[in-house]
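Here the chain labels run A, B, C and D in written order, and each chain numbers its own residues starting at 1.
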Amino acid sequence: MSPTKIEGLPREMIALRVSREIQDGMYVNLGIGIPTLISNWIEGKDVYLQAEIGMLKTGALADGDDVDQDLINASCQAVTALPGSSYFDIAESFGMIRGGHIDIAVMGALQINVRGDYAGWSNPSRGLFVGNVGGSMDLCAGAKKLYIAMEHTTKDGEYKIVNELSYPSTAEGRVSMLFTDLAVIDITPKGMVLKEVMPGLTPEMVQSVTEPKLIIDPNCKEMEL
Amino acid sequence: MNKVLPSLEEAIADIKDGAVIAIPGFFACGVPRALLQALIKKGTKNLTLTCGCGPLLGAADELKQLTLNGQLKKVIDSYGLFRSASKGMQDPFEQAIRAGKIEFEVYPMGTMAEKYRAGGAGIPAFYTPTGVGSVMENIVNEITDKRTPKETKVINGNKYILEYALQPDYAFVHAKYADTEGNLRYSKTARNFNHVMATAAKITIAEAENIVEPGKIDGDDVHTPGIYVKRIVKVERPTFAITID
Amino acid sequence: MNKVLPSLEEAIADIKDGAVIAIPGFFACGVPRALLQALIKKGTKNLTLTCGCGPLLGAADELKQLTLNGQLKKVIDSYGLFRSASKGMQDPFEQAIRAGKIEFEVYPMGTMAEKYRAGGAGIPAFYTPTGVGSVMENIVNEITDKRTPKETKVINGNKYILEYALQPDYAFVHAKYADTEGNLRYSKTARNFNHVMATAAKITIAEAENIVEPGKIDGDDVHTPGIYVKRIVKVERPTFAITID
Amino acid sequence: MSPTKIEGLPREMIALRVSREIQDGMYVNLGIGIPTLISNWIEGKDVYLQAEIGMLKTGALADGDDVDQDLINASCQAVTALPGSSYFDIAESFGMIRGGHIDIAVMGALQINVRGDYAGWSNPSRGLFVGNVGGSMDLCAGAKKLYIAMEHTTKDGEYKIVNELSYPSTAEGRVSMLFTDLAVIDITPKGMVLKEVMPGLTPEMVQSVTEPKLIIDPNCKEMEL
């Protein structure tokens, strides 16, 4: 039986909340989906976005005459360059990722569990053993900090924050913070610690749509947006 | 040594049925389309195409023809299927995979990159943290009962997977500039898998938008030294839709 | 993020006794002399310098001072001694090695290169054919009774040696151009070990002959992306004798 | 007891003989010593010299105003560039070497045995366990063909071509041809095959300064110089 779904923040607001964690001078990789939206909120910050395809310091999306077919981001969108942008080959790009040079990677997810394991690359309902793994597992293995940005439950209101993953995992024990439309959760050796809730929600309401038992931080507060 | 050949046909003339060919490109960007089209025209069969990140999704027309012509035996990639499941069901390539007519094998993208780099650099195998704790601890392909575990090792308290070098028979690469001796230079993010694949293959064939005399690419600006490139063909700059789905 | 510091002193201020520092350069070419001189001035002791091909032979005055000051605990290199045995006998560094005062460890040059590259790229260990059938199947250093065998593995019928990544605390690098965000460009053969060491170290400090605004180095012409570089200092172009003996 | 030393060809002539094996279009790495002299004999040929330091297509030695301190070869000599020369970092350079992209590497040697093992990097008389290994072992591991160019005996007339190495080996079983001031020798699974002798010498004279038993090729002839 599914829990009762709670209407949460729009995706852009999840992105805004994550953007607060990104400091000047950081090198950041943003995955497909909600993470991509974060780039709208860090304009003006001195932040370097890395694209797996082999680029540092990606600029805004390109349109019209600015579109160059040789200049795309990892989501296959035409982007612009900035002064100081650099390009490199794919082995260098993934050396950079795997080698611990990315400060923060933000990824989407289908499921996450209490130990910081998450599933994001393959939906078994497709009926295939293979899938599109892309660069997600490399980012998990190598980023100094791995954050997940996702909706708290599925469209049908089912748990995405679960005791045990039922989807194939992308990585084990690598996620340190989880940002959803309802909450901000720290993943610690003791368990999931609820740090912030959507304005108007109580911790109990967040717990009702979260399968694992949450530890409520004594300073748990409403998200500032 | 002038490595320029007058036609795509001559550049791929020796490719035989059963060849293993590396295809660079990150979705639509940096894909050697003209060489792929020549391969379709030639009709070579039983091919294994080793990719990195969805160049065949980016060259969807070419993939459709290769599939419908029955030229493909196997594809290796990190991201080779339509993102949308419903679109995938309509795709002849995915249908052929589901029907067991084309073998499809999956590795994380960084592992693919490193397999080519190792293949070119004489490193037979390497350990990587990528994929630990996932099904990528096995060789993953679309054959239900065949999931071979990979070797692992604990180093300094962490677990790593042993991955092996990949050395295709051929690599097709797409360069913005080539000099006649095979020094290549790519444009922006179109570099992606082109360089590592050029190093990994036994025979690397480059299609280039511009062919120049030696010395026109400054020595400090060469992306792929000519030693890795056996043949060069001039092609027109391709035009294509950037987005994939 | 402007990474330029006003002085060499400030750039190396946090280096403590016992630090492990990568020193690039191929004999005299591409050596970070100004940073080495600042290290001498600072007097940091118990240092391990990890090299690639004789940068300390190429910076002979600096090596002499580091040795005589007693700053060196250990040096790792593929080619760190005078070629001439008689000249070596006169060399304070070789004398210190013979006296057991400085530990000296030797790897083949390509293995050194790959150890840094692996260290920067998150590859904890790799197999190499280099050194099979030689004493390099052991860890080789100038301590008579300590010759530890390295792990080996047979892959496709050939024997390979397992070598591990090297991740120094610091790398000193010398660039022709740096932009203020740390993108670097080297000149000709002065590139050598600079790039791989910049990727491998926890903290990379670049001395640059020219410092320019971001965008002045074209994105396709960057040799070391700024992500690898934490601090930059402007230095004069050094002058030195090219030959070593 | 040492064999009686035979006065052989000058080093330049050994280099000339090796140069005959180098064909247009080849990528070649020349070690320190006699191999370096080969470059004088391939001018005009369409041959690409690789320098371990990270350069392809090295030109002639530089002097006067042509000297650039940022442009040296692997022997630490100032060299010139040619149209089509390229530079790359050391990991790429040794990837190229180890990865089988060099057609021929020519190295000097202290000793070589009948199985194609050779010693070149360390002379135990120096009294050190360590030594200058440089890039020699990588070249041995990776070059498609490995040739040795050296004097047939030591200055004192002692064997350098031996049954068993007494010096530390650089590589095992990798040498395919040996060029000395007295002879050209093929190294085959059956043993050392004498192919050519210095003009005026007999195979027996070459055997007298060679420890292992040589197989005399039926077509053994005088070197053409």
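Things worth noting here:
The working rule: contacts are C-beta pairs under 8 Å (C-beta built on N, C-alpha and C of every residue); 3 or more make two chains touch, one makes a residue touch a chain.
On a predicted model such as this, the values are computed, not experimentally measured, just so you know.
Listing every chain that touches chain B and chain D alike gives C. Once the centre of each chain is set as its mean CA position, chain A and chain B turn out to be 28 Å apart. The distance from the centre of chain A to the centre of chain D, with each centre set as the mean of the Cα atoms, comes to 56 Å. Separating the CA-averaged centres of chain A and chain C is a span of 37 Å. Taken residue by residue, chain B touches two or more other chains at 114, 117, 121-123, 128-129, 187-188, 191, 219-220, 223, whereas all remaining positions touch fewer. Along chain A, residues 55, 81, 87-88, 91, 94, 97-98, 141-142 each make contact with two or more other chains. Chain contacts in this assembly follow no simple pattern; the graph is neither a line, a ring, a star nor complete.
All chain pairs that count as touching, in label order, are A-B, A-C, B-C, B-D, C-D. Interface residues of chain C, counted against chain A in their complex, comprise 1, 117, 119-123, 179, 181, 183, 199, 213-215, 217, 219-220, 222, 225-228. By the touch rule above, chain D contacts chain C in their complex via residues 51-55, 67-74, 76-78, 81, 87-91, 93-94, 97-98, 117, 123, 125-138, 140-142, 168-173.
Residues of chain B that touch chain C in their complex: 114, 118, 121-129, 153, 155-156, 158, 160, 164, 185-188, 191, 219-221, 223.
The part of chain D that touches chain B in the complex is made up of residues 24-25, 27, 46, 48, 50, 55-57, 81-88, 91-92, 94-102, 141-142. Only residues 26-30, 52-54, 58, 78-81, 83, 85, 88, 97-98, 104-111, 113-114, 116-117, 128-136, 140-144, 147, 176, 187-196, 223, 238-240, 242-244 of chain C touch chain D when the two sit together in their complex.
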